[in-house]
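Labels run A, B, C, D, E, F and G following the written order; every chain starts at residue 1.
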Amino acid sequence: MNLPVAVVLAIFLPFFFAILVPYLERIVKHNIGWFSALIGLISFLLLVLISPEIIRGEVIHYSVSWIPSVGVDFGIYVDGLSLLIAFLASGIGFLIMAYSTEYMSHREDLARYYQYILLFMGSMIGMVFASNTIQLFIFWELTSITSFLLIGFWRNKPQSVYGAKKSLILTAGFGGLALLTGILLLRAITGTFDIPTILADESLKVLIKEHDLFLGTLFLIFIGAAAKSAQGPFYIWLPNAMEAPTPVSAFLHSATMVKAGLYLIGRVHPIFSGTEAWLIMVAGTGLVTMVVAGFLALRQTDIKGLLAYSTISQLAYIMAMYGYTTYQDPSLGVVAATYHLLNHATFKATLFLIVGIVAHEAATRDIKKLGGLRKEMPITFVIATIGALSMAGVPPLNGFLSKEMFYEASVDIGASLGQPYNLLIPMIAVIAGVLTFAYSIKIIDGIFLGKRNDEHLPKKVHDPSIIMLGPAAILAFIVVLFGIFPSIPMSFIIEPAVSGIILEDISIYASLWHGFTVELLMTVVTFGLGIIIYKKYDAIANWQDEFNKKHPTFSLNYYYDEIFGNATENAKKISLKFQVGPIRAYLFPIVLIAILSVLFPIIILSVELTPITFNFETPPYELIVFILIITTAVMAAIIPSYLPAVIAVSALGFLIGIVFIFLLAPDLAITQILAETLTTIIFVLVISKVPQTFKEKIPRNILYRDILISLTVASTVFLIMLYATQGIIEPFESVSHYFLEKSILLTGGHNIVNVILVDFRSLDTLGEIVVIFLAALGVYNLLHSRGERK
Amino acid sequence: MSSILLSFALTFMAFTLVPCIYRLIKGPTLSDRVVALDAMAMVIVVILGVYSYVRDSVFFMDVALVLAIIAFVGTIAIAKYIDKGVVF
Amino acid sequence: MNILEHTIVFMIAIPFLVASLMILTRPFPEIQKKLNVLVSIVLLILSVYLFSQVWQNGIIAYDIGDWGKYGIVLVADLLSASMVLLSSIITFLALLFSLDYIDDKSQNTTYHSLYNLLIAGLNGTFLTGDLFNLFVFFEILLIASCGLLIANEKVEITPSSHKMEAVYKYLILNIIATLFMLVAIASLYGTLGTLNMADMALRIGYMNENGTLPWHLIPTALLFIVVFGNKAAIFPLHFWLPDAHPTAPSPISAILSGILIKVGAYGFIRFYYLIFEGNLEIFQPIIIFLGLATIIIGSISAVGQDDIKKVLAYHSIGQIGYVFIGIGMGTVYALAAALIYLINHAISKSMLFLVSGCIVHKIGTRDMRKIGGLSSTEPFLGLMFLVGIMSISGLPPTSGFIAKFVLFDAGISGGFYIPILIAVIFSLFTLFSMFKSWQRIFWGEIKDNIFEKENIHQNSKTMLSSLVIMTVIIFVIGLYAEPLIAITLETAEQILDPQLYIDAIIPGEVR
Amino acid sequence: MSLQFVIDILSDLILLIGLFFVFLGMVGLIRMPDVYNRLHTTTKIGTLGAFGVMISLFVRVGFEPIGIKALTLGLFLMLTAPIAAHMIGRAAFHHGSSYGIDNAVIDDYKEACERLK
Amino acid sequence: MKRYLIFSVLFGALWCGVHGIIDIQNFLFGMLLGFFVIVLLKNLYSFEEDVSFIKVINKIPKKILFFIVLTIEVIKANIILAKIVLSPRLNITPGTIEYHLNVKTDTGITVIANTISLTPGTITLDVSTDKSMLYIHSIQADEPSKICGNIQKLEKYVLEAFE
Amino acid sequence: MTTLITQTIAKVVVPLCVFLSISLLLTGHDQPGGGFIGGVMFATAISLLYISFGLDDSKKFFNPDWSLYFGFGLLLATAAGIGSIIAGYNLLRTDYTYLQLPLFGEVELSSAIVFDIGVYLVVIGGLLFIFKKMGED
Amino acid sequence: MDTFLLLTISILFGIGTFLILRRDIIKMIIGVVILCHSVHMMIVSVGAFDGIKAPIIESSKYPQPEYIFKDSISEGIFAPVVPESVSVIYMDPLVQALVLTAIVINLAITAFLLILAYRIYEEYGTMDADELRRLRG
């Protein structure tokens, strides 16, 4: 099989069948879960098909022209790193869907459920194999959207709605937009969207690092990754994402989707790493997040919540390790990070599935209500213990190995940075390890050990069927396997993956026993401190609760809720400031812009006002008419009663008619007089049905203001007209000459105005009658818009 | 002679509009204003007549002709409204 | 006689003719409906033909009455032809929707006439090459849209008082704006002696070259901000829009938001890039600034709404702001991006208004506080709405993503970092408010009272079919944007070379 | 003294009289105490003045378009002026316009109106 | 049909007047057009009544006589009024009086009413619903009988010319 | 309803107005006037009728559906435009000729008159439609 | 152009502006009407040439010998130019035609606006534009 085809199939099969799922569901009913799982399996197998090539150290790169106008191709780029995540997505996806067939009640909207999961799976695989940043971004956002839909799967629950919205805003919104902008900045620097091109070109990488936009680009891309992986301040969406069905949490919010950010960090590692900004941003964020999240995890009573915080913390390990890279050692931490990425996916998915089983059987996820289930659910207990201990870093499980490597890397980076980091960073790492140890133990202890809490638990609790246990067992087996035989993942998975990041051949190894080293010491310290902390577990949790009660504002969630929870009210306030209602407020801007359009060129652009000639040779009769016009208009403005004002307007219209006569425009004068009379009749028709007056009391200040505005507008218009009437600029002439000369010849008409109206510019006239036509129809609608009331 | 006279005539008639406007504004009753409007139209008709001659252009007579009729309709529309409170 | 030579003028003449026929066929409502659909299809085909002609043969100039540049000239360049095509698509789909949506009484009497004249107004606005004629078509648009705004829906959900208030504000503000347009036209004619836009461009270009451009043409040109800005509803001339668009019947809202406000954007491009091409450096920063202010106000205000159609209306303001920063940036890529943005918004927003129309039709309220949990009873509408909001929010794989992507890309590659930064930040608001609205309508608990109303109407197949067509367009553009981008790039290049336009109209010989 | 001269003088004279009467009518508009009396002046004096001006024009140009139209116009005015006066007067009365001067000697119409009620 | 013709002739003349050119083409065109206008508006008039050309033609001299009298009266009215307007003290005694009509037809009443409005110091305010009475505003109403006498004199001419 | 006197004069003035209106329409090409002015004049005539007789009584004389007027008017105006396409020109091209008629002599005949009549009808129909609707309301 | 006329036009524009900023709807509409007047006069006053005759050619049926219309872009002449010996005795007809169109359009719009005002009164029971605030926010 052609390898690129296999990859493309692996991406698009899930999409294709996701579209078919609702129709298939009508045929196969609730077995749709098995069908979907099969799709996951096929994708997985397709990836297995291509893996030998990758393990050999090759990459698959294939692209076709997609939007050539803007330089975006559709392409696939498969290397070890992307294959690793894709394996997680399809493999765990398969297990999760199989698990869901039992977990999800048949009454649920299964079609939608599997549809979303398949869509997510396809998006995830598509994202990692994308060969250019735009394509990556497209699939990236699709994973956010499917995650949003899955978190809100139970859409009538307010918490689901809340969690879904939060994740969308932070991942698709903040993160997505930042990422997009970062990608575009990167393209602005490099001139390409193509990832392999940038990765392969050393000079480009140098260019990027020296570019003015470097910091912004890095920052924006990092924000995108951090938001997706719930790092730094963005962590707050992940705990709320636990409203999703538990298999979904296992799949998206621990094993795969949250890894997308880390994948991105790994992907851009060769481009940005080795800089101070990279170290501070990535490693700094990771170190802070791992401690804070670990600490907050202690407070959780919902096991899923606990797992969520632990996920944040664990992802922060990986983030920190990716950030460790220095000039001296570009590969520092990368192996450990990648290894932990894999390990975390296995043990965290295991734990989530166990939580799902527990919640399913015991009907609660509250750790305070659970307890003593080890006898009733022995198999579950064993699997859970394996997962939790791996997370705690207990040998011989895989978590131990990657934690050791983490400690090692932390020590190394500290050493390379010198005082005070050589102590600070390892200390932070140990603190995080201690916290991890504590809550990992809490999971085992809280659920399975101790006394059974009869008050809250159902009478009979037992191990679930093989369908639900199977996936968890498989994952637990991998945990153990990778722990005892670390060379398997190392040579088949981690090494190809790391070579995708570091881009040079390295040989890596790992073994359970690597002598008495600083890391071992740190591990011992971790366990010791962990047990001590575990003793104080409840006290710490209580202290946190107390603290939160006392200082509710000392929380990111508080600010999130303040901003987004009250967004509608706050935005409404702003919107009310602008959309105030009275139309006058809306008219001011128009008038203001009109004034500014004259002032702006004079003041800002300081254009030169060309000289003009005035013409004051007005016959006295015209002058009288002008004065009368102004008088009448002023009167029309100030007479409060309607009818007298209308009569004044009518008189004004007649006077305007005289002006048209003075301007030698008989047609206009007739039209003006006729139009005036009709206006008067309609005016009277209308005011016969409304009160005769409306005495507006104009406050002094408003009066002065309006008079000032009016005067300004008047002078504005005067100024423009003064120049506009200076005549046509040489060497041009008016097109009117044409009309005067040609009208008789071409149309036989002598009244040039009418000739223009019906011949030369007849489209205007057609438009004009259409306006009358429309006014008539509009009036009809106006009078018939009352509905049946009349 | 004639041109001076005609120019005077125009000015004089324009000036004659002043009382109309005065009454139109002053009122005091609606009917007064309507009377003034009607009268004003008549003065304008006269102006148009004279102007037509001054400019030696028959076209302004057409305006006058239209104005004479139209002003009448406008006047009785308002008058009927004042009288009956309706127009049609 | 080749009848197809007259395609450009048929885009205006046919709707005029049909509008009059619609009045005469009032006693036969079925004939009216069928005739109007038929005519819409014909216009759609003609607009495709027109576009293809322009694409192949370059700019087409059509002088009404054979009077050359002295009469009124209709011009189809790529910009106007594509706008006509866009308007034909949107109006056709909105018409399909309105057949079963608009109150029969309204529909039989005036609706079809008004509708056709609105189409004629749109096509005329886009095609005319004469500034005063543009004014006339603006007025046609104004009155036609006012008339349609107050047409009755089958569900009486908008009190007629609201309609009156909205129309009043819309009308007054637009009248004042068009009066300023007349002032500006007067000023231009008094100085240039022509009304033909190509001729104006020629003359102003000559004056610019010789340094004889009188200063008052700059304020005159700035006055057009009032005119086109008002049509486009850019801040601070947008106030009529949040009142008018939600109160209109949904298919009309779709047209108003979808294509009518684009007239303003078109006007900006046409006026500044053709006539004042030599002075663009004055206008471009202003346009960008106004665009940004529009984005900010529109996006923030949209968040604060409880009325679904009001959310959409405020969005239109925000979105048109994006189009304007594209116009203001003024590179080939940026102009193309602005056009793509405009086209995307036209289709997506129309679709959203139509979906909200379906909701309104079914539920009888626009208030999202009274709606909830609709996805269990109306999954199809939920899906359609989701597609729409994804597109509006710029999420892949919809056309909205392409639009946002090219706009930001154009801005960044043009070095407009600050405007793009603001634009990016405020697209978050769009995303938030759109998805929040979706959740409020389709998620959460079903409100008991909503299905108890008497006036529940089923959404007919024709109504839904127009939604489906729009969805297909959204996805097609989202998945394969190359043709659109290529076309818009070509269009933008044409816009930036006004000489092409001028040459098409003033070939150097005079009849 | 040619005929034309006589005609010119005659028409000038009529014009002056006409203008004067129009002016007088408008002065009445100011001077008269109430709406009815103002109607008297504008309807009668004003119309006659206007008619005079039209005659003057006719005399001046003869059977030229201006002259004929002037005559037609004069007839129009004579036809419509009384009706306008009638309508306004009636309206004023029903609208309860005061007589302005209290010495209304006789008021048959008021009685008639009251009788009708 | 006869009425149509009479109206058409009138319109022919009117067309010439409106058009400002008196010639046979204009007249004929006006007649033609007038015919159509009258057909259009025929419901306004009572066309069923018979009318003879001779009668119409016979009445023309009387009509001319009436107009001459009217003109004299109008000029008199104006001179009287001009005096009043120009006099330093307004010497007026306004009031409304009623006048018993002798004319019966609508045309007659209208003509007399308009005549009254154009003649010295009087304006027709209203006509009673039974068409028997005119209400007149007079600028000098101290002697109603004298006014009525004047009107009666005019009414005679009206009766002869229009009925 | 107004008085008998007004109505009688209205009966005289209305045809006069209609006449003037047609005159303005037909001579518009060479003298002041045209479709719009003529149309408004016509509308004025009819509104004079409405004023003096009242809307209800006027309906007894005639009660046309004014919407047909403006519908037909626009049809005519547009058709006149399209007619020139059929004649092989661009839209709204006009032409003229001089006709020799018996009695009338040489008469200028412009194709623009058809368009102008369309304008005339639209103006009449539109304005009177508005008046009537508003008056009835 | 006559400066006093321009002044009048501008003052009218100012008065119109003052009126559209009022609360009273009828006053606003009056303001619109006044603004329209102002704008119409403005357009007429920018006419390209001030002649002494209305733009209606009375003289002959057939036109005088044609002037040469040059339109040579290379010479910087883009418009028909009348030879200097010919002075135009007519007013600019184009602006008049434009204003005629504008007047008609504004008439139709004013009519619509007025009836809208009536409907607003029906709905809101007031003529106070400030009371039209049901759509705020």
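The rule is simple: contacts are C-beta pairs under 8 Å (C-beta built on N, C-alpha and C of every residue); 3 or more make two chains touch, one makes a residue touch a chain.
The UniProt protein names, listed by chain, are B, F, G = Cation:proton antiporter; C = NADH-quinone oxidoreductase subunit M; D = Monovalent cation/H(+) antiporter subunit G; E = Na+/H+ antiporter subunit E.
What you see is a predicted model, and the numbers here were worked out from it, not measured in a lab.
Least step count on the touch graph, chain D to chain G (Cation:proton antiporter): 2. The set of chains touching chain B (Cation:proton antiporter) and also touching chain F (Cation:proton antiporter) is given as A, D, E, G.
Each chain's centre was taken as the mean of its CA atoms, and the one lying most distant from chain D is A. More C-beta pairs touch across one of D-E and B-E than the other; that pair is D-E. With respect to chain G (Cation:proton antiporter), maximal separation of chain centres occurs for A (centres as means of Cα atoms).
Measuring from the averaged C-alpha position of chain A to that of chain C gives a distance of 27 Å. In this assembly, the C-alpha centroid of chain A lies 80 Å from the C-alpha centroid of chain D. With centres set at the average Cα position, the gap from chain B (Cation:proton antiporter) to chain G (Cation:proton antiporter) is 23 Å.
Rounded to whole angstrom, the centroid-to-centroid distance between chain B (Cation:proton antiporter) and chain C, based on C-alpha atoms, equals 47 Å. Of all residues in chain A, those touching 2 or more other chains are 572, 575-576, 579, 583, 587, 622, 664, 666-667, 670-671, 674-675, 677-678, 681-682, 685-686, 689, 717, 721, 724-725, 727-728, 732-736, 738-739, 750-751, 754-755, 757, 759, 761-775, 778-780, 782-783, 785-786, listed in ascending order. Touching of two or more other chains is recorded for residues 25, 27, 39, 47, 64-66, 69, 72, 76, 79-81, 83, 86-87, 89-90 of chain D.
Annotation for chain F (Cation:proton antiporter): residues 2-3, 5-6, 9, 13, 16, 20, 24, 30-33, 36-37, 41, 44, 47, 67, 70, 73-74, 78, 81, 91-92, 94, 98, 108, 123, 126-127, 130-131, 134-135, 137 touch two or more other chains. A complete list of chain pairs in contact reads A-B, A-C, A-F, A-G, B-D, B-E, B-F, B-G, C-F, C-G, D-E, D-F, E-F, F-G.
Against chain E (Na+/H+ antiporter subunit E), in their complex, chain B (Cation:proton antiporter) makes its touches with residues 58, 61, 65. Put simply, chain F (Cation:proton antiporter) touches chain E (Na+/H+ antiporter subunit E) in their complex at residues 3-5, 7-9, 11, 14-16, 18-20, 22-23, 27, 49, 60-62, 103-105. Within the complex formed with chain G (Cation:proton antiporter), the residues of chain A that make contact are 572, 575-576, 579-584, 587-588, 591, 614-618, 622-623, 626, 629-630, 633-634, 636-637, 642, 645-646, 649, 652-653, 656, 659-660, 663-668, 671-672, 675, 678-679, 682-683, 685-687, 689-691, 694, 696, 698, 706-707, 709-711, 713-715, 717-718, 721-722, 724-725, 727-728, 731-745, 750-757, 761, 764-765, 767-769, 771-772, 774-775, 778-779, 782-783, 785-786.
Put simply, chain F (Cation:proton antiporter) touches chain G (Cation:proton antiporter) in their complex at residues 30-32, 36, 98, 108, 123, 126-127, 130, 134, 137.
Touching chain A in their complex are the following residues of chain G (Cation:proton antiporter): 1-28, 30-31, 33-34, 37-38, 40-42, 44-49, 51-58, 60-63, 66-67, 69, 76-82, 88, 90-101, 103-112, 114-119, 121-122, 126-130, 132-137.
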